[in-house]
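If you scroll down you'll find the structure; I have some questions about it.
Chain naming follows the written order as A, B, C, D, E, F, G and H, and within any one chain the residues start at number 1.
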Amino acid sequence: MPKKGEVSIIEKRCKGCNICATYCPKKILGLREDGKMEVKDPDNCIACDLCELRCPDYAIKVEVKENNE
Amino acid sequence: MPKKGEVSIIEKRCKGCNICATYCPKKILGLREDGKMEVKDPDNCIACDLCELRCPDYAIKVEVKENNE
Amino acid sequence: MGRYEIRLSGAGGQGLILAGFILAEAVVRFTDQEVIQTQSYGPEARGGASKAEVIISDEEIDYPQVTKPDFLLALTQEAYNKYNRDLKEYGTMIVDERVDAAFRGGPTYVVPIQRKTQERLGTRLVVNVVSLALFNHLHEVVPVDKLQEAVLERVPRGTEDLNKKALELGQELAQELNTYKVFREEEEEDE
Amino acid sequence: MGRYEIRLSGAGGQGLILAGFILAEAVVRFTDQEVIQTQSYGPEARGGASKAEVIISDEEIDYPQVTKPDFLLALTQEAYNKYNRDLKEYGTMIVDERVDAAFRGGPTYVVPIQRKTQERLGTRLVVNVVSLALFNHLHEVVPVDKLQEAVLERVPRGTEDLNKKALELGQELAQELNTYKVFREEEEEDE
Amino acid sequence: MSERVSLMQGNEASVEGALDAGVRFYAGYPITPSSEVAEDFAAKLPPLGGKFIQMEDEIASMAAIVGASLAGKKAVTATSGPGFSLKQEIIGFANMIEAPCVVINVQRAGPSTGLPTSPAQGDMMQARWGTHGDHPALAVAPSSVADTYLLTFQAVNWAERFRMPVMVMLDETIGHLREKVILPSREEMIIVNRKHPQGSPQSFQPYDIEDEDLIPPLPPYGSGYRFHTTGLYHDETGFPANRPEITKRLLDRLHDKIDRYKETLYLYDSFGLRQANQLIISYGGAARSAKAAWRIAREKGLLVGLLILKTIWPFPEEIVAQAGHDKNNIVVAEMNRGQLIGEVERIMDKRIPIRGAQRADGVLITPEQILAQLEGVN
Amino acid sequence: MSERVSLMQGNEASVEGALDAGVRFYAGYPITPSSEVAEDFAAKLPPLGGKFIQMEDEIASMAAIVGASLAGKKAVTATSGPGFSLKQEIIGFANMIEAPCVVINVQRAGPSTGLPTSPAQGDMMQARWGTHGDHPALAVAPSSVADTYLLTFQAVNWAERFRMPVMVMLDETIGHLREKVILPSREEMIIVNRKHPQGSPQSFQPYDIEDEDLIPPLPPYGSGYRFHTTGLYHDETGFPANRPEITKRLLDRLHDKIDRYKETLYLYDSFGLRQANQLIISYGGAARSAKAAWRIAREKGLLVGLLILKTIWPFPEEIVAQAGHDKNNIVVAEMNRGQLIGEVERIMDKRIPIRGAQRADGVLITPEQILAQLEGVN
Amino acid sequence: MELEKYFRENKLPHIWCPGCGHGTVMSSIIRGIDKAGWDPNKVVVVSGIGCSSRAPGYMDFNTLHTVHGRAIAFATGIKLANPELKVIVLTGDGDGAAIGGNHLIHACRRNIGIKVVLFNNYIYGMTSGQYSPMTPEGSLATTSPYGNIEPPFDLCELTKSANANFVARGTVYHTRPLISYMEKAFAKDGFSYVEAISQCPTYYGRRNRLKSPVEMLEWQKKNSVDIKKAADMEPEELQGKIVTGIFADREKEEYTARYDRLISEIQGGKK
Amino acid sequence: MELEKYFRENKLPHIWCPGCGHGTVMSSIIRGIDKAGWDPNKVVVVSGIGCSSRAPGYMDFNTLHTVHGRAIAFATGIKLANPELKVIVLTGDGDGAAIGGNHLIHACRRNIGIKVVLFNNYIYGMTSGQYSPMTPEGSLATTSPYGNIEPPFDLCELTKSANANFVARGTVYHTRPLISYMEKAFAKDGFSYVEAISQCPTYYGRRNRLKSPVEMLEWQKKNSVDIKKAADMEPEELQGKIVTGIFADREKEEYTARYDRLISEIQGGKK
């Protein structure tokens, strides 16, 4: 079973470049009307970290959720 | 039969470094007392040109002798 | 007119520098007035708030900087915040509807420039030209057809139609200016 | 003594710069006099004629250049030609025997410095020290043993003996100076 | 033959002036606020068959224009403060070998990186003394876009005529300013070209002054006049020489060749000098504010004259002395902590008060600051 | 505690002075006539645990000493004309970030390559104005080998105290001169070190003037005081800032920090000023000839005073004015076409004739030339 | 990983444009430093001038923003003066390859323990879009309005020939390998060079029909070729490609260590 | 061959010391030029500062003795301004590899038609014997009194990596091959680099126990390895050797020709 992640956006840093969303393997991110990134489907994050690693503005953070199986 | 050469020294240019004499295959050159190069044995020159090519001061000239065989 | 100072401001990339340039060029080509144009440079011109300024005058313009603009256009809040301070008393303002602007004594128009541009033209790329037309209508710097000539010469090839439409939209919004005009109570400025 | 100007000249590489340095250092260490030493630099110091100069004085030496040497040593013709011109009237000269020097009014010694050095020491490397001893004897700048001390401190390790012999040879040549002294008719200088 | 009316930027005007003067080579390295000069040349030279090259740094750029100049092209570089510092060594070389070339320095606020997009006039003394050794200097400072065109054109002419680097000391205010300009028609502009030797290649001596105007002719590489050039002191033949008579002769000539003509080099504007008891002296961007201040002062009824210097080096001593000797107050307005004021002080009698209206914080000096140094304002 | 007597070369004395002042880092690039400075450091630093590095050029050398200085070492570079020109950009940077360092310039005849082994004092104004932007300058000029030791020692102290580049303007005459020197014992020499911050690393602001002496403390890298440094205008925190109040404050402080102390910076020698109606002013190598001229003049019974400047920048205006105001003739003797004479002219009243005894042909100026400018010699 | 630990958080958001790759390069560096486990007090980050050279301002170490092109020379002074410091140089393709090229190769030659990260966005960003010595042939820039005709450097090959101990190239798109190169580079004693292909959407992208940051990353993705694969390809095939991977990984003695050894020898009377 | 035809004979004898290799390098260049058959009026020889850089003064072409390290940049201006000129740069290991290194690699990169001959005597001759970036490790020099600890450049490898069209190294001892490299270098259109190992008996020799010019030539003879042979040798075996031969010989388009093509395209309306 894949890892689970909790993604959050630091809005004041996000510049809306759309990089994170484009390369999110689960396609769970999307730009809001006001140009800030938004987590559209938080539950499907697999904590792959790709968004965080690529974000040029340190505006997206992924934490691995406790896996209480 | 090897080529024949006529060697001459331009004295005012010669600085007596001894390079030509050291590498003359026929050993026909030698430094004079006053530090200038001298052709000691003019007849044995084979016009190999090595002295002229190496002389840092353009002080030694080799001409190929007419070979009137 | 005497010395008239214009400041066009917005986000870097909104094309206001080009707008200022076109305006100044139109003045040179189609009027007898003197004109000067300056703008933001460097990192400032790229992100955040950026501005272009134009001074128009009947007389030789010596001191070339805008210090007390007679007119301010602010397309974003950041631009407004940064550049509204030294607006002349009773100076004119046009701000985008999303900008929260304080009334400064002069005519203040709050106009949905960005929204209308997006709605009507399907892109925001030409807010600069829309704004330019709007301003020009208000101040009649040059005749509309001359403005169009000036604009079409400087915009990228292939965008002529879009820009013509932008000019029209600007004109149109200008007609409605009084609708948009808002007078607010002057607030205490706390700086 | 008052200001006394010394010029040691020869071919680049003959070590006269070192000789000048040693002389000056000996003055500092073993006398109460003021001293200054200068020399040729750059390409000049490498080939052709090169010189070292020393000024010795009882008083502060302000102007530091030798302009009218009281004494000239010239080991080569080229050096002589280049550096003899401004010798002081009645100044002293020591030249190598191969140098064709003109009598300038003062004591002129033509000495086989190079030949004797080669003959007696089997190398010309120490002509500088031979010359130095010669000069020192003539002018008694410092006592002989002090000169030796100064020399031995500055020559390359392993050459001490050779240099001691050079000093001796210099002394010896100095004893014979009058033998070598030559007076010539003053010639018309054509420059 | 009609005037040319347009909206033009200062940096662009320098390019236009250079091109009209015959410049066909540009080498540079981008730096704010001069980059538009490079960009404009990059666009405009190739269509004219000219060459633009972006070199690896400012030193290389300076070297390249000197090389191009010797190859026969009129050549320009542009830069600003940090790059101007880097170019100094080769500016001295160009002086020494007498290579015609033009250096445009669009000044920004220093020292060091300073404020790259803000105006200043902090390199004025550097233009005079920036390279090592005693060297002459020729520099102009435009105070309008039209000036920039004309003075750059003039700079190219002077470079060719006097065979030396000429500096166009723009500042960010003027370099980035766009304004309406009215330029003379191209036909009216008189182009000066370097002298070509009269004699034969065999008898040619590169530093021989053929016709006593102190400026030797300069044939381009490839023309058959082969010669040697060095930054060492050299004699008429171009080869190194170190005899004091020769070195003195060369250095004297390098200075004399402009000293002799200096009165013709003094370009300036003056306003109301006669009916004045106070004088404002200014140049470049600051002169815009000075003009405004002067106007206001006049409106207030003060008897103020205004002298706007366009030629900065050689410093127009005689002009300044003439304009200032009968005044009761001289105000030197500049965007630095006081540079050319030193020259004014040097020239003028101590009894005349000389005041500086100075500003070096990255903001264009204001007319008010200048007015404040005048007497009788309040 | 005994005096040190020896035969020493000027270049060598600068190294001794620097080492005694605590210098443990040298980066340089060889150039005549300064190379002995590098060679001496190369031999003497490693045994002391110090570092000598020959960099790829003069720019890199200047950068390296600034870097070493920030890492906590007292650092020196040496060069001559062409290299001095190349270093200018980073001299400005050192000024702006306030990095203590010392630049020794052994002047030779310029401009350009000039005469590499001949004396000159042609870079004196460059020491003041060589880098772009308005910057302060601190420079000394030794006129003897002993002076060279003492002034280089002092230069290191000043660099540390005032946190700026200090220039030692030697010339070939003194740099290459060997003479008998008597130096004070090492124990008598008082070493100054840069200030270390008093507060905690957390509260540290690198450009905050803790104790109002206008000079901020400077902790070395690695000491736990982490901070940012930039050549852009910056505020107390060290980060870029462009508000005019801040830029003005910084630039003012950079100048004020030496202006405030300038009277203590004025080093000079004077001879017979009181009983004189004529004055000779000189410095560096030329001062040797000036001294000789003064002696001769006195012997002839002329009432001549002599002022030998050791501190050149800031220019000792008050000292010169004081020495010169009551004279009938001032002669400024220097080995250039007239550099510091401009400063003297700027300061003095026009009624006092100011004459230059100048020489720039690669030969040490002679006492006779100086004498010739005095009145009543014949 | 908690990047914030190494940031001067109050300086964020940074000045870089939306989608500028420099931000990603900077975080990759931070991750590398974290892995190296260095004491921040002993780390000195030096830069020149350029958008990339603004990075040190955001990083909570000893940071020095110098002049254009000379960062490596400053760093050389720092490292030699105190070899226990960890010295990193951040530079751009203009700063490091144009004006700064000489200092780069000389630092490689000396093998001094400096770690250079070059942010290669193929353009002069800070001065608004002139071409650089890394700009691909044919590209448009403000100073190459007709297309660039100068062949670009392959700085990885060059630094390798110049004696660098460690050389690698990665891209912002391939973030994980890029981070791994940082880690390896920082772990070495000698001179390390890491070239990070970054994107400048504002100037390079806009002029060269790469309309968004994402298109630029796509371009990086499409054009990258691993060095092992590249070894089997013809030069023509490699034209315009980005060869990524480790170009050199050697173990020569580091310069300041060699220097300290010399000093011991001298002080110990062995020299 | 009649060298005198190309000399300024009245300037001879030259200033170089007895046995200085620079004289031999200069005659080798002259021989190469003669072979190229160029019109002397169209030849421009540019140099920097150093003993080697004094060579142009003796050569009867258009000659330009510039400032230290920048000869290639001057030459770039000359060649670009008038591509029909044949432009040769003469430089030294200090002039060309220390202060001038950046201009060298950039000229290689552009592949501009300049022919650079670097007189490598492993020392700064003109300034009396400081070490250079080419000085072998361990060598004594006035600024490395304890032996040089900096690894030297292999400039042939470096220029090759930097895109030079032609690269070769020869020695004064092996005069005939050296001349042949000159000939080949001058025959190419693009950028050529020839490194000539020269000897400085006065400074390098005297300090490093190579007591005479002849001993220095012997050293060249003993230590030279042909590049083909070197290919089979281990790096350790090659330590301290002089690898001679042709390192690169390519046919890329020359920069000024490419530029002229661009101008035609623009003027022809194609751009």
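Rule of thumb we're sticking to: contacts are C-beta pairs under 8 Å (C-beta built on N, C-alpha and C of every residue); 3 or more make two chains touch, one makes a residue touch a chain.
This structure is a prediction, so every number in the text was calculated from the model and none was measured.
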Separation of subunit H from subunit F in steps, with touching chains one step apart: 1
Chains touching both subunit C and subunit H, listed by label: E, G
Shared chain contacts [subunit D and subunit H, defined touch]: F
Chain whose Cα centroid lies at the greatest distance from that of subunit H: C
Computed distance of Cα centres, subunit H from subunit A, in Å: 57
Centre-of-Cα separation between subunit H and subunit E, whole angstrom: 38
Whole-Å separation of chain centres (CA-atom averages), subunit A against subunit D: 87
Subunit A and subunit B, separation of their C-alpha mean positions in angstrom: 84
Shared interface positions of subunit H, touching two or more other chains: 17-18, 67, 98-99, 101-102, 106, 126, 128, 133, 146, 259, 262, 266
For subunit E, residues contacting two or more additional chains: 32, 46, 56-57, 59, 82, 89, 93, 112-113, 116, 230-232
Per-residue overlap in subunit C, given as positions that touch at least 2 other chains: 42
Set of all touching chain pairs, with the criterion as stated earlier: A-G, B-H, C-E, C-G, D-F, D-H, E-F, E-G, E-H, F-G, F-H, G-H
Subunit F residues touching subunit E - in the complex, by the definition given at the top: 59, 80-82, 84-86, 88-89, 92-93, 95-97, 107, 109-116, 118, 120, 122-123, 125-126, 128-135, 230-233, 242, 244-245, 247-248, 251, 255, 336-337, 339, 342, 345-346, 349-350, 360-363
Touching residues on subunit H, where the partner in the complex is subunit B: 3-4, 7, 12-14, 16-24, 27-28, 172-173, 175-176, 179, 201, 212-214, 217
Subunit G residues touching subunit H - in the complex, by the definition given at the top: 98-99, 101-102, 105-106, 109-111, 133, 146-147, 149-154, 157-158, 160-163, 252, 255, 258-259, 262, 265-266, 271
Subunit H-facing residues of subunit D, complex: 42-43, 45-47
Touch list for subunit B against partner subunit H, complex: 12-13, 15-19, 22-23, 50, 53-58
